Amino acid sequence: MIPSAITNIFSLTVVLFLTALIVFFIGKSYIVGLSQSQGVRPHSLRQYYGIYAAAWTFVPAILVLLMWTALTQPVLTRLSQTLLLEVYPDINGAMLQLRLAQLQNISTGLISAPDDTMQSIADAQANLRSNANDLKFVVSLLVAFAGAIFAIRQISPEQKARIKWEGFLRRTFFVAAVVAILTTIGIVSSLLFESIRFFSQYSMIDFFFGTHWSPLKAFSSSGGQSEIDGVTQGSFGMLPVMAGTLLVAFIAMMVAVPIGLFAAIYMAEFASARTRNIVKPTLEVLAGVPTVVYGFFAALTVGPFIRDLGLFAGLDISAQSALAAGGVMGIMIIPFISSLSDDVITAVPQSLRDGALGLGSTRGEMITKVVLPAAFPGLIGAFLLAISRAIGETMIVVMAAGVSAQLTINPLDSVTTVTVQIVMLLTGDTEFDSLKTLSAFALGITLFVMTLLLNISALSISRRMGGRYE
Amino acid sequence: MTNATKLSTHDLDVFYGDKQAINNISMAIESNKVTSFIGPSGCGKSTFLRCFNRMNDVIPSCRVDGQIIMGDQNINDPKLDPVLLRARVGMVFQKPNPFPKSIFENVAYGPRIHGLVSSKSETADVVEDSLKRSGLWNEVHDRLYDPATGLSGGQQQRLCIARAIAVSPEVLLMDEPCSALDPIATTIIENLINELQERFTIIIVTHSMQQAARVSQKTAYFHLGHLIEYGETKDIFTNPKDPQTEAYISGKIG
Amino acid sequence: MSNPIKAMSIEDRLAKISKSLDKRHKQEKQLKIAGITAITLAIGFLVVLMTNIFSNGYTALLQSEVRVNLEIPMDKLLGEDGQIDPQKSQAFNWSGLVKKSFRKGFPAVKGMSDQRMLNDLVSDNAGYELRLAIENDPTLINQTAFWVKTSDDLDMLLKGRINTALPEKLRRIKDNQLEWIKQLEQQEDLRKVFNSTFFTNADSREPESAGILGAVVGSAMALMVTIIIALPLAVMAAIYLEYFAPPGRLTDFIEVNINNLAAVPSIVFGLLGLAIFLGFFNMPRSAPLVGGMVLALMTLPTIIIATRASIRAVPTSIRDAALGVGASRMQAALDHVLPLAAPGILTGTIIGIAQALGETAPLIMIGMVAFIVDVPTSITDPATALPVQIFIWSDSAERAFYERSSLAIMVLLIFLISMNLLAVLLRKRFEKRW
């Protein structure tokens, strides 16, 4: 009924904002009028009365608007699902998804309906949507007006408008801070929810301790739900995948730790201030290069190069060796180690250095026998953070490592990692319910827990032994 | 009692960048005596002390001109290896700075890096003797492998002394060693200094005139980077020759 | 037991120390050399990486074109008003016109397979692009010769990327094609021009028609969404944590969460977006809106931390002075501290956005990895992002896409360098010495 140019969220936001602006001016002049007629000074400056009333106008309405907009599509989808199930009672998972996608495309005009039933369902959906949008428009405006009236009626010289406004701001800021918690809850709950669905169909023991990973076997003729009969269900033993992750991370650390640590020692103890000011930012450029660039380099230059070297030496190395992916990942991690170690080493008190030198140590002995041992907890923390980074890295391995899971420690082999599998299982045309896609979430929660534990250990180790000097 | 000279400086100047901290000081330190450097804050006594073991090398903007003679060598010669020098001239710092290692490891550090011990038993002997001579042995002999940072302030400082004397240096430099300690610990360390001076030449920087009077035989009074007066401790305190010295002793400046 | 060191004479002791002195100094020197080697290696890696990208990508700035003599049959295209009739233009076989005209230049070439190999030298989209050119500027209709894009194989050959020394079987350009190319060169019918297509087109199946405009717009839209969501939230959260949060378990829990989220792998955020934004809220797949929201959640902790640091850098005397003249805590925070902390917040935000620009994995998870040929016009249109475009192209077999990915990487790096330089410049300009 009401054109969508007005009911869409942008226009509505503008309308609400303008309404609130008007209320602001109304509020301001109202308090001036009131206080003049009553002959008393208002508690707060006039703009606070205005802005408080404007807030009551805008905020509840915009919250209603946002929630309504966010929930329209999910509700419509579920309603359409119900409708479809009524019309096609025997429809199975994959066909249902297909029909829903068709409805979507019909409504955007991409395709025309294959038959009258679908057309009528699409029409019903469009009707519902239009009604919902109209209602949204009306309700939002009503809420805005109600808020405005409620607030304006409260305006009086005794009202502590500024305090109320600041209280409102404070509560809003609090909510902003809580978003961090909400994000974590969102992550944990979505991963947990899907993982539980996975583990209801696949044994946890087999997942965590199985040595065979081939999810591609899990294609099914019944569409969507893999049959648990050992023939069509794929195997989801994640040990080879985890082994791949650890192998690549290990190779990366083998590259990053020596280079990063020695670079940090030199910068912290030997380099002049000028050298340090040039080298440190340059190394940090390595951290700023997007991982897709590293992946590109690893897949298209380093991998083939290693393979060719192998041919030269008579070895048969894949172009997707763990060595290529791990080596380039190591380059990316160098600045993590070098910057963090530099900070940790520099933080060692000068009094320890003086003590060592005063006893007749060379600078080298001072570093290796006193400074480094003193910095040790912080260095371990840096290493753990770097390992966590390596384990969670995605693009380099997606582009340069393989997709077949092998349980191996040979860096010349092609391996796959947890992150690669997550990407492979969830891109392309997959139904959301199949065992394959759910296994990706099981991998995801494993990854999340691992990196969480590493990060926590890193923090606690560097903190625990940190204050021993004073 | 011999009055042999252990160390002597000749026209020593020290600069931090363009600022001159020490002006043309020539003096001789006698062997096996305790010499104290006194003077108000900022007069350069610590800077001067640090010349004797070339610790000023660690500060990039610092420049030391002049000669410091020990035996037949000028130890201010840039060609001289400070590593070797510091095995002969040890230092104890103002704030105790034990390494975050065990008590044993702290004392064994010096002898080990200089290659002065070649077996575990030799090391243990050196550690035990050094701890005994710094009066700490009785308190720590049953927990030698505990972290040194678990000791009290006074114990830590005695540990630093044990660490310094473990390599058997000839000279011991002490930069306000008691200023971070309580009076009881201070007394213990002052008694220690009395014992140690039999074997070592000791130079102590102190901001406490009473301490100088208690522990040293010779005293040098510094003011704004100049050596104002230098002589027998009892003469300096009872009969100062220079009016500036007298002003400091009687508390008019400081 | 006796102290062996004490028992030595001074000379013996010094002699013993001097013995190991050389070795000790040498060890220090080795440590120094190890440090220099490490730094050189690290910088060397960076140089190799950049050189590799540059040497592969700079040729993508040029596009090879071939001159084809052809006559446009105006009678088939013009309507009654003398203007080009769009329906007739759509129905006309432009591609065939180009192919036939091109073959006319090589009368000796006979046989279907040879003729096909001849036409393989010209871009498959040449006809379509000719049509667009004519429709845009109908005066061109009188020209008798047109420069059209060569195929990507010929383009690669002309840029020296195909090794003609290899046996014919292993090459994409065969010997007979080489002959014809030589003829074209002698006739001066080949040239290279600036590859503007790269900057004005979106993705395409053919490398010579492919460009990054769609990806750049997609990235820009997503990042706009990210800033609009993340910046206000981060500033509000930071002010709350610095000035209003009561010490206690909830506050600690919030801070722990923020620090943890900063270290969560980016792919986990992608999973979050997939499960909740796409799965529960059924938001449009591949849309910059969803991409922006996911990136906002990722950069939020970074910007919060940077904002808090900027707020802390403002001396407490400023806040105390404001409170002292009767400002409320909120007024002191918003009117006095925040403006002074603003440059630092801005710098932190720019750096956070720069990081978000380079993120690929979470965007892949929410679907911005599809083949999109249109430039997106709204944040709910399906789109891709620049790093994802690089990812997609790097998967292609065509050598020409390899070249273009490298150039796209260079464009991405230029964006990143500019943003970081801007942040550094802003920081230097507004840095107040308290």
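Chains: A, B and C, in written order; residue numbering restarts at 1 for each.
Throughout what follows, a residue touches a chain if its C-beta (ideal position, glycine included) is under 8 Å from a C-beta of that chain, and two chains touch if they have at least 3 such contacts.
Keep in mind it's a predicted model, so treat the numbers as computed, not measured.
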item: Central chain of the complex, centres being mean CA coordinates; value: A
item: Greatest separation from chain A - chain, by CA centre; value: B
item: Top chain pair, ranked by how many C-beta pairs fall in contact; value: A-C
item: Chain centre separation in whole Å, for chain B relative to chain A (CA means); value: 59
item: Cα-centroid distance, chain B relative to chain C, in whole angstrom; value: 62
item: Averaged-CA centre spacing for the pair chain C and chain A, given as whole angstrom; value: 20
item: Overlap residues in chain B, where contacts from two or more other chains coincide; value: 83-84, 87, 113-114, 167
item: Touching two or more other chains - residue numbers and ranges from chain A; value: 362, 365
item: Contacts with 2+ other chains: residues of chain C; value: 24-25
item: Chain B-facing residues of chain A, complex; value: 349, 351-362, 365, 369-370, 373-374, 468-469
item: In the complex with chain B, residue positions of chain C that touch it; value: 1-6, 8, 10, 13-14, 16-21, 24-25
item: Chain B - residues contacting chain C, complex; value: 81, 83-84, 87-88, 111, 113-117, 122, 124-126, 128-130, 166-168, 170
item: Residue numbers on chain C that touch chain A, as the complex places them; value: 24-25, 27-32, 34-39, 41-43, 45-46, 49, 52-53, 232-234, 236-237, 239-241, 244-245, 253-254, 257-261, 263-269, 271-272, 274-276, 279-283, 297, 300-301, 304, 328-331, 354-355, 357-361, 364-365, 367, 369, 387-388, 390-391, 394, 402, 405-406, 409, 412-413, 416, 420
item: Contact set on chain B toward chain A in their complex; value: 53, 55, 58, 82-87, 90-91, 93, 95, 97-101, 109-110, 113-114, 147, 149, 160, 163-164, 167
